[in-house]
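Listed after this line are the structures, all set down as structure tokens.
Shared between the two complexes below is chain A, which pairs with chain B and chain C, respectively.
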Partner chain A sequence: MKDKTNIIKFGFAAIVLCAVGIAGYLFHEQRVYREPVVVSENITEVKKLSDYYDGVKGTINDCNIYIFDSGVPGGTMMLMGSNHPEEPTGVMACNMFIENLKVTQGRIIVVTRVNTSGSTCTRPGEAYPRYFTQDTEWGEKKWRMGDRIGSPLDSWPDPEVYIHYPSGLNLAYMDIRNTNRNWPGKPDGLLTERTCYALMECIRQEGVDMTLDFHEAELEYPVENMIVVHQKAADVGAMVSMMLTSQTFDVPLSVDFSPEALHGLTHREVGDYSDAASYLAEVAEPMLDRIRGITDEELLMSGKDRFVMEAGKHGLLYSPMDENGWPIEKRVARHVETARKIMEVNGTVHPDQVITFEGIPSYQEILDNGCGPYYHDPSTAPADRVFYD
Partner chain B sequence: MKKITLAAAIGTAALMMTACGGGDTATTTAAATEAATTAATTEAATTAAAADDAAETEAAADASGDASATAEEGKITGPFIITSCGQTPGAVMLNMMAQQNGIESVADNAVTADTFDPGNAKTLIVTAGTSGKGMGAAGTDVNAEIARCEGVIAKAKEAGLTVVGAHIEGMARRTDQADQDSIDCVMSNADVMLVIDESDSDGWFTNYAAENGKPIIKVKDALSIAEVMQ
Partner chain C sequence: MTMFQHSLIVLIAIVVAFALAKKLKVSTELSMFTATIVALIVHVLVPMGEDPRSPLPFAEAVRHVIEGGVNYFDICLIFLTATFFMSLYKETGGAAYLVRLIVKKFHTHRNICLLLLMVVMLIPGALTGSGATTVLTVGGLVGTVLMTMGVSENKRIALIFILAAMSAACPPINLWAMIAAAGSNMPYVGFTIPLGFLSVVGSLFATFYLTANSKMPPLEDALKQLPEPPAGWNGLRVALPFILMVILIAGGRIIPFSFPVFGMPLIFMLSGVLVLIVSPKRVNVFDVAMTTVINLRGLVGIMVVVGMLTQIMALTGARGLLSLMVVTLPITVIFATLWIILPVAEGVLQYAVAPLLGVPLIMLFNQLGFDPIVSLSTWAVMLPLGDCLPPTAVVGRAAVLELDFKGSYYKDFVKTALVPMLFILALCTLVMIFNNQFAALIA
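Moving on, here comes the complex of A and B:
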């Protein structure tokens, strides 16, 4: 009888060890995977975030800062992706800029992975795919799918109550690992606070005139297909919204002002704590909806889900949703075009901040061609043009 | 000086729109204006025809004086004072469109009955629909916004201004009861209604205008509003 009990115990132990081993391997594989990016031949410099504040040196969030300087006086724009790593169009749009950009006046700075830590694991209980891929003519380009917040492996434990610095606003405890609740950062804080502080230092030291933070949102959320702008960017934001809605996008791009009492977000704090005008762009991502069906890479990339579509028929969504869904190329195209239009309009309102550039596909070109043609093969690119995020 | 610079900049932006394939803006402005005017006139006629009591509609239109005449021409007349009943960017958008047309205009989402100064303005435009972010930023709510705008509208009417109720930000500003409360306040007090096609995609504003005998100007989108400003 005792022998039989021991056999059962050993059996269970073996199963548990197997499960732990497999899970551990998969976690480790995602954590150490690095995303290759083939930078445009017109890039000026690739710096590290710790070059602006050494409090992040040696941490996983010491990300690359890609700088394109035309050498011609003008404005400076910073593009930010993966502030929320579970919203993948940000990193895809940033990569599209990094791999193809030629700035002819002013400067463009790109930060692909604002919260690298959050891109090394997915959200618990959501069954997200660990990676997502884009077909190209040379093979698959592969990125890490992430969580909304940083990994507890990099910042743990969370405080009982997260009190935002310096506003004193009480926020949910886990938001201490949410980069878009930690701006303008805290130099002696936890990892996410230090990361935001370092990025603010980058913005201040580089004299950035405007920032655009790429996001995605569930269709059940009212801040959808929208740019949220700091008050100092109200004129430009309104014009960008009207122009893109009228001339380019099939689904309107709304505009709203950044709430002055809601702290920690880029559209509020970057504008308040630097000379830059801050923008945040949202686009629909059905995979983030609570009512979605099977959660896999297919849903992430196609943006098609019959359950979300059904919710739309009942008026439960803040974005249109039909059988065409929200495919990745449309979501990326909206972000890329929004960035372009902000720079165009801002240059007319602020003639000393003109930025002109070439090499980036138009909204229609991305819709027609998909994203694939705009990413390059790292295996055949010169080694000095391949960087890893 | 700042206003002149901004106006010049927006003018440049308008030219740029043409340059980047913005729907042949420059060449179609006249046609678009004509279309907008036609649409507005048609809407006014439709409104009148749809009204159950034609005499009542006529009386209401007469009561609005210049506003009715303006609406029948499909135009709103500046200089403008613009505010938003719900702290949305709608007032900023209209202000930019006015300046693009070279029309004197001021956008003020904080104006109250006490601070309202009509100056040489001919028209008060109040945009309807609310922004939770905007109201949060301003430390207000929809009830306070309604009270503020009703006070401003009363002062404007005392000063002889035409009051235009506008809904120009589409269905994004028709999502909840706060939006509807704002719309009800603004449109019930308006002499003329100004809406974009998306806002009226379910015909709500057209029906409201018909039922209440109000002239309505409909334009394709927010960027087209410049074409009905004079």
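Moving on, here comes the complex of A and C:
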């Protein structure tokens, strides 16, 4: 009897070891996967984040900083993606800029992966896919699907409660690894705090005039299909909202002002701790809703979910939701167009900060063609134009 | 077949598989694991609805199960290290010395003694957000003092559990409120008064209700019931490990920007090392560590499997279906049923209930014009009461282990705890219904 029990135990142990081995291999594969990006031939320079603050040198968050400088005096805008790596449109919109951009006046700086660490693992308990892919003419372009926060492999343990520096605001313990709760950063802090500090240094040293942080939100969340702006950017933000709502978007883009008591987010701290005016753009992502149905890459990319639709029928959503869902091209297109309009309107309000550029598809072009045509094949591109995030 | 039907079938499969496994006398954690695997198989076999879906390769399905298993890794580490610390304290005789000290000092002042014990119980959970940590660190000590006061075994364990639950609910750290607030992008600010009011009132009621007929015995009789500590212990030695623990925890609050982040597991381990240094009695550390792991095997196993189950429920849409069913109830039904839904859900899902039900409920209440801070506070005090309910019963099981409780879990322990639990649930429900008035009162 005892022998039989031991055999069963050994059998289970072997199965568990195999399962852990398979999962471990997949975790490792995602951890080391690097996303190729074919930079536009008009790029000026690709720097590392540690060029601005060496406290992140050698860490996983020492991301690429893509700089497009026209050489013509004007404004400087920074675009940020993947502040929350579970919100994929940020990285997709940033890649679209990096691969196609030609700046004709002023400068544009793009940070594709603000929280690289968080993009190397998914969120336990949420059943996310490990990757998401976009069909292109040359094959599939693949990105890592991440967590909302940094990986515990890079920053652990967490404090029992996270106290934001320098405001002293109490936040949930895991937010110590949330890059959008750690601005303006702390030079001698934990990895996420140092990352935000390095990005603030980048903003200050490059003399950035505007930052735009791309996000997505669950439809149950009131800050939805919106730009949140620092008070410095109130006039531009209001005009961008009015123009895009009346002329371009089918679902309105509302505007809200950054609450002064809510700390750690880009829209508050970048504006407070640098000369830049800070914007944060949100678009609907049904996969973030807790009431969603089956979780898979299809849901992430199509944005179609019957449970979320049902919640909409009960008046529980802050965004319209029908059987067409919120497809990825629509979400990316809204972000790209919001960035374009902010630069355009800001140039009229602040003539010394004019930025003009070419090569980026319009909102309607992205809706018509999808995102695929705007990403390029790294296997056929010149090696000096392929970078990895 | 629609996605609703698919997820409903998965949900039914989970319940049936769990019930069948339990009927076959399989342990709770293995029953839940069986339900998880059955849910995954049903998900793959049953059509997934009218919309296109991504394939789910075998390796990815395995990855989901393992990934879910590490969901509560931190909490498991806290359980293990806190228990290791307290086991060292017990084995070296420090715990026995401390209990005798408390009895000697306060045996003539029953109410002060009870209030002090309540405060002692509230502190660990208030600082860590974990009721199990409270039970594992001070539950045994307080239980022994209650025993010397003549409090019956059933009432002792009921009180230890409720105080542990209220300690987890008590500010500054309430993990349910923090997780739900974070999930709703709401700052964890303004919760101190509502959480403090509800948890302290609940604790006071439970303490004095469950010890109503107890009285302090003569000192000699009380001391006779307590084990003799080894010679060499004194007040300073016994206090030092706790002082270190408090310094390491409080340091992060008082000087957060210059104090290193230790994390609770390391704090407990360092405190444990100090116990070994100050103890006049040598113990076999390896034996204590082994006993700790063996004692906590079930508890840790439950947490691992709950993580797996919630991940598979999210994958299959079963989690979304449950959430949707709750948030689409009429508000009067929500008011009338949350007091039962929340503790039961906590018993099943543990902290996962905060993002699963807490976030949609915050959105719903916010939309209906209710005060989200007060409302969330009431749920965050009701939730830990479910920690004595199956299948997880994490804090309840920890209390049984720590107090070496021999009675019936439900007929003796849970039944005795029912009146104070209902009082707390009623109080929270009232505050939830009149949330705007309460918010105005404390503003």
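Just so it is clear, the second predicted complex is superposed on the first by the 389 of 389 C-alpha atoms of A that agree within 3 Å, B and C clash if a C-alpha of one lies under 4 Å from a C-alpha of the other, contacts with A are read in each partner's own complex, and residues count from 1 in each chain.
The rule we apply is simple: a contact is a pair of C-beta atoms (placed from the backbone, for glycine too) under 8 Å apart; a residue touches a chain by one contact, two chains touch by 3 or more.
Values in this document were obtained by computation on a predicted structure and should not be read as measured data.
Touch criterion met: A:220 reaches chain C, while chain B stays clear of it.
Within the superposed three-chain model, A:160 lies in touch with chain C and out of touch with chain B [touch as defined at top]. Contacts of A:245 after superposition: chain B is touched, whereas chain C is not reached. Look at A:262: by the touch rule set out above, it reaches both chain B and chain C. By the document's definition of touching, neither partner reaches A:51: not chain B, not chain C.
Counted by residues of chain A touched, the larger count belongs to C, out of chain B and chain C.
Looking at the shared chain after the overlay, A:365 reaches neither chain B nor chain C.
In the superposition on chain A, A:69 contacts neither chain B nor chain C. When both complexes are aligned on chain A by C-alpha atoms, chain A residues 222-223, 261-262 touch chain B in the first and chain C in the second.
Chain contact summary for the complex, chain A toward chain B: residues 222-226, 228-229, 231, 234-235, 237-239, 241-243, 245-247, 252, 254-262, 318, 344-345, 348-351. Only residues 19-20, 22-27, 122, 124-127, 129-130, 156-161, 163, 165-166, 168-176, 178, 186, 190, 217, 220-223, 261-263, 289-298, 302, 304, 306-307, 310-311, 314-316 of chain A touch chain C when the two sit together in their complex. Across the complex, chain B meets chain A through its residues 6, 9-10, 12-13, 16-17, 20-23, 87-89, 92-93, 96-97, 131-134, 136-139, 169-170, 172, 175, 198, 220-224.
Within the complex formed with chain A, the chain C residues making contact are 2-4, 6-7, 43, 48-54, 56, 59-60, 62-68, 70-71, 74, 127-129, 172-173, 175, 178-179, 181-185, 187-189, 249, 252-253, 256-257, 261-266, 307, 310-312, 314-317, 319-321, 323-324, 327-328, 352, 355-356, 359-360, 363-364, 366-367.
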